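Next come two complexes built around chain A: one with chain B, the other with chain C.
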Partner chain A sequence: MNKADIKPNGMAAEMSNGQNPILAIFYCQNIPGGDEGSRQELESHYGESIRLFPIPCGGRLEPLHLLKALETFADAAFVIACPEGACRYFEGNRRAKKRVERTQAIIESIGLEKERLGILLGSREKPKTLSRWVKELSEQTSRLGVSKGRRL
Partner chain B sequence: MITAEQKPIDEIREMINPYKRILAVGCGSCVAECAAGGQKETAMLASALRMAARMNHEDVTIDEKTLDRQCVRDFVIQLDDVIQNYDALLSLACGAGVQAVAEMFPEIPVIPALNTEFLGETRDQGLWIESCQGCGDCMLYFFGGICPISRCSKQLLNGPCGGSKNGVCEVDPEVPCAWQMIIDRLARFNALGRLEMIYPPKDWAKKQGKGPRKIIREDQQS
Partner chain C sequence: MPSKYVIHTKPVPHRFEPITKSGVIAWEEGCLKCAVCVKNQCVYGVYDHRHMDDRQMVDSIDNQCMNCFRCVQNCPRELIHKSINPDFMVMGDSHWTPDTIARLWYQSQTGKIPVSGAGYPGPFSGPGFDSMWTDMSEIVRPTRDGIHGREYISTTVDLGRTPKNLVFTGEGEMNEDIPPLVHIPIPMMMRLPRFGAVNDQTIKGWVMAARHLDTLLVLPQEICSQYPLEVQRHLVPSIGTGFKKMAPNKMTRMVELIWDKDWDKNIEVARYSYPSAIVAMRFPLSQGVEEDIPTALDAGCPVIHLEGRMDGTTLDQPSQYIKDGIRRVHQALVERGIRDEITLVASGGLAMAEHVAKSIICGADAVILDFPILIALECRMCRRCEKGLSCPVEIDQADSKWVARRTINLMGAWHNQLLEVMGAMGIREARRLRGEVGRAMFFEDLEKDLFGTLIKVKEGYELE
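For the complex of A and B:
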């Protein structure tokens, strides 16, 4: 993992209580930096402000995973999957995208901002590491603030 | 299989609004197969409703439980142990399941969370197609296993209408012409002779007009 990706953030301490935004990230283990060592290092750096969930493929994701995350602990939940056409299991990222869209429609129907959910597909030309994604998404979640739907 | 779709969340929220302790009850049969009311969908709906309640500062408990079948009393009776904890049930079953539960537990409101749609088949992942009207007088033998009442846009018993082009219906180019399929299939079995007959209008009295239909099988009774 490239430590430069995580050093400037430093949100861990300020987000450690229930009033600060918490981010859930479901990521395909096949993305760059998706190994277990990187996950542990990121969780240790960001503390309680992020929860990382490695999945064997984006296609494993269910809308229920995202809803439960938003309901029980997270203020935003994102999925990181492989670039278009680069899924090891052919269609996992495409399926994940549809499921995220469906879940966005559900949370929108109850009045929660759909921006609290999203999917990001990597780029073949400019691949990003998990730590880079986490940094960007942490900043984004921080801007969204605490969700009204989350159990505090 | 009976197919269904979930009602809009706003409509469900309005119906459950007077109640504080709600049990969302899923059904593990047909509506699970069509991804409308199985265990997963029940958990999703309950989760969304809990979030909506929290956002609106409503003090509501919403639990969830999925039965193998809501239209069979032997399964519905499993609610016996928990029903006293709730003041309403939100059923994710077809209309038959909702009514079976309501009849077994007359003291508690049973609210439908789904719109029951049709009898159909799972054609592909995420694709369900109507294939039977439950008319009570099956004519599939005469039509090579393809029901013109369900699958012909004009419900013609003496087709084709002459309006199909390249095997698709003139009413909707997304729909294959049922009569093209009937003829192709009967031809494959050298059974086109079955179409020589003029089929009279169906006797819909077997389906409707006499109240709810029932089937009685003494050999199945205790």
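For the complex of A and C:
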């Protein structure tokens, strides 16, 4: 992502200028660097191009969250959850994974690339911080470009 | 007897879904597809009217759930959980706690006093105002026929100087002019919070609220001058360095100066520009402030504004709370014999209705509220606006009428709570509540009285 393209100050749903892909990230509050301070730092750094939503557990995420994000403002939506076996609610992350796969099938059936949705589980051995995840994801989405879904 | 002052409130809806303390986690995987699902049995129909707010990605089940836990307990596969909402827990800070913010939202939305059910589950004592208990020995009085019943409880306070004694001529005429006083029907004024995504519309809403409530709003002088003359009665221009003389404005009833190096120059300019106004001086609430107050009084500033920090502490000592500062200044002025010539108003960290009554008991005549009137507009105290980030609740998009109605609701709820406290204390006059420390208990004093001598160790000895 070219930083010069990033416009500061934007949370309104209609913020897309149609050029920069917008990324919705739902992350489990328990991942490293998932605190409010880091969230604000990331938002000031990336401006309009990302929107971050902390959730109490990856398992809280419903297909509806992802579909609504793709429909209203996002070009891609990702879930970041705790490593396998480390979920506070035992299997929230496993369930979230299934839901994302189900939702990927839905968006494929309506002609969107399934790469626009994804779930990332942390690793116990090499934990990644939220800001690291966001950096990688934002590079990934810039390759995908703007989604057709948002223009529907 | 003048007619009763009542603030009429009516519900004013939120513009954004409020952040709730807990959220429902309902898993589909492993569902047995029971003939009658527990979700259909929710008496509030939470699952039936489910929708998603796409601005915030908030699921309506969280806002509508009444926490009865029926669905959680009755699902045979235990697929439904309730969990603390991380977004709620990160709101505000240790002073403006998530619960305080949520209560302020409730009051601004409904105009009602928040009721938490039977009993008090909180800690016995805490920092600041929480270490202070008021005497509620006449608690039966307001419940007899309600706070708006037969009993007349006045919350009016006077701002300005009251003469020590009256002097008459031989003919029985008054020998001196009575200094002007400003009467406000509630001991609560307002001012702009230090941060917030506010704009002209927001300020206009607060001006409308101040007019409706017949109280005062402190604003920077350059903003006040943009408002028509008929509104100026309810505005207090705050004058800083660099203010130049302007055509006299006789509508303004009070101006505020800042205790800085230029205060004596500013006072002249202020007197010329606002000839009918009482002059208030804003002091930082810090050690030794009581030494400077007589100078300000002699220079013609009978209203002293003691400004604490937004976390409810004094400016120079983080371990001292504004309640301690107000008590200290009040006591010092009483000892000097000038307390009645001065009006003390306090600000900083006042976050609950009880803080108003407690500030007055400690010795203030009135208070000035800042952040509560911002939180009334759904502010989450995230301080993103300070960093130039967007406001999550778009306060700068709010209509001024909505701002005014939310502020009026909050003040109405606080006024009712003040009446409740005063009624329960058996005090019918806010003026009489001032400095009534005998009608309150302070945890630190009780602790000293009870245990102070027990752990005293003679010098040179050591405890084993």
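Brief remarks on what is shown
Assume the second predicted complex is superposed on the first by the 132 of 152 C-alpha atoms of A that agree within 3 Å, B and C clash if a C-alpha of one lies under 4 Å from a C-alpha of the other, contacts with A are read in each partner's own complex, and residues count from 1 in each chain.
Here, a residue touches a chain if its C-beta (ideal position, glycine included) is under 8 Å from a C-beta of that chain, and two chains touch if they have at least 3 such contacts.
In this text, all values refer to a predicted model and were calculated from it rather than measured experimentally.
Contact with chain C, but none with chain B, is seen for A:Gln29 once the two complexes are overlaid on the shared chain.
In the overlay built on the shared chain, the residue A:His65 is in contact with chain C alone; chain B does not reach it. Touch criterion met: A:Gln40 reaches chain C, while chain B stays clear of it.
Set against each other, chain B and chain C touch different numbers of residues in chain A, with C touching more.
After overlaying the two complexes on the shared chain, residue contacts for A:Pro54 are found with chain C alone; chain B is out of touch.
With both structures placed on the common chain, the touch criterion links A:Lys148 to chain B but leaves chain C unconnected. Overlap of the chain B and chain C interfaces on chain A comprises residues 62, 64, 68, 71. Note for the complex: chain A touches chain B at residues 62-64, 67-68, 70-71, 106-107, 109-112, 148-151.
Residues 8-13, 24, 26, 29, 34-36, 40, 43-44, 53-57, 59-60, 62, 64-65, 68-69, 71-73, 89, 92, 95, 98-99 of chain A touch chain C in their complex. Within the complex formed with chain A, the residues of chain C that make contact are 23, 25, 27-29, 52, 54-55, 57, 59, 81, 83-87, 90, 382, 384, 387-392, 394.
The part of chain B that touches chain A in the complex is made up of residues 8-10, 40, 43-44, 47-52, 54-55.
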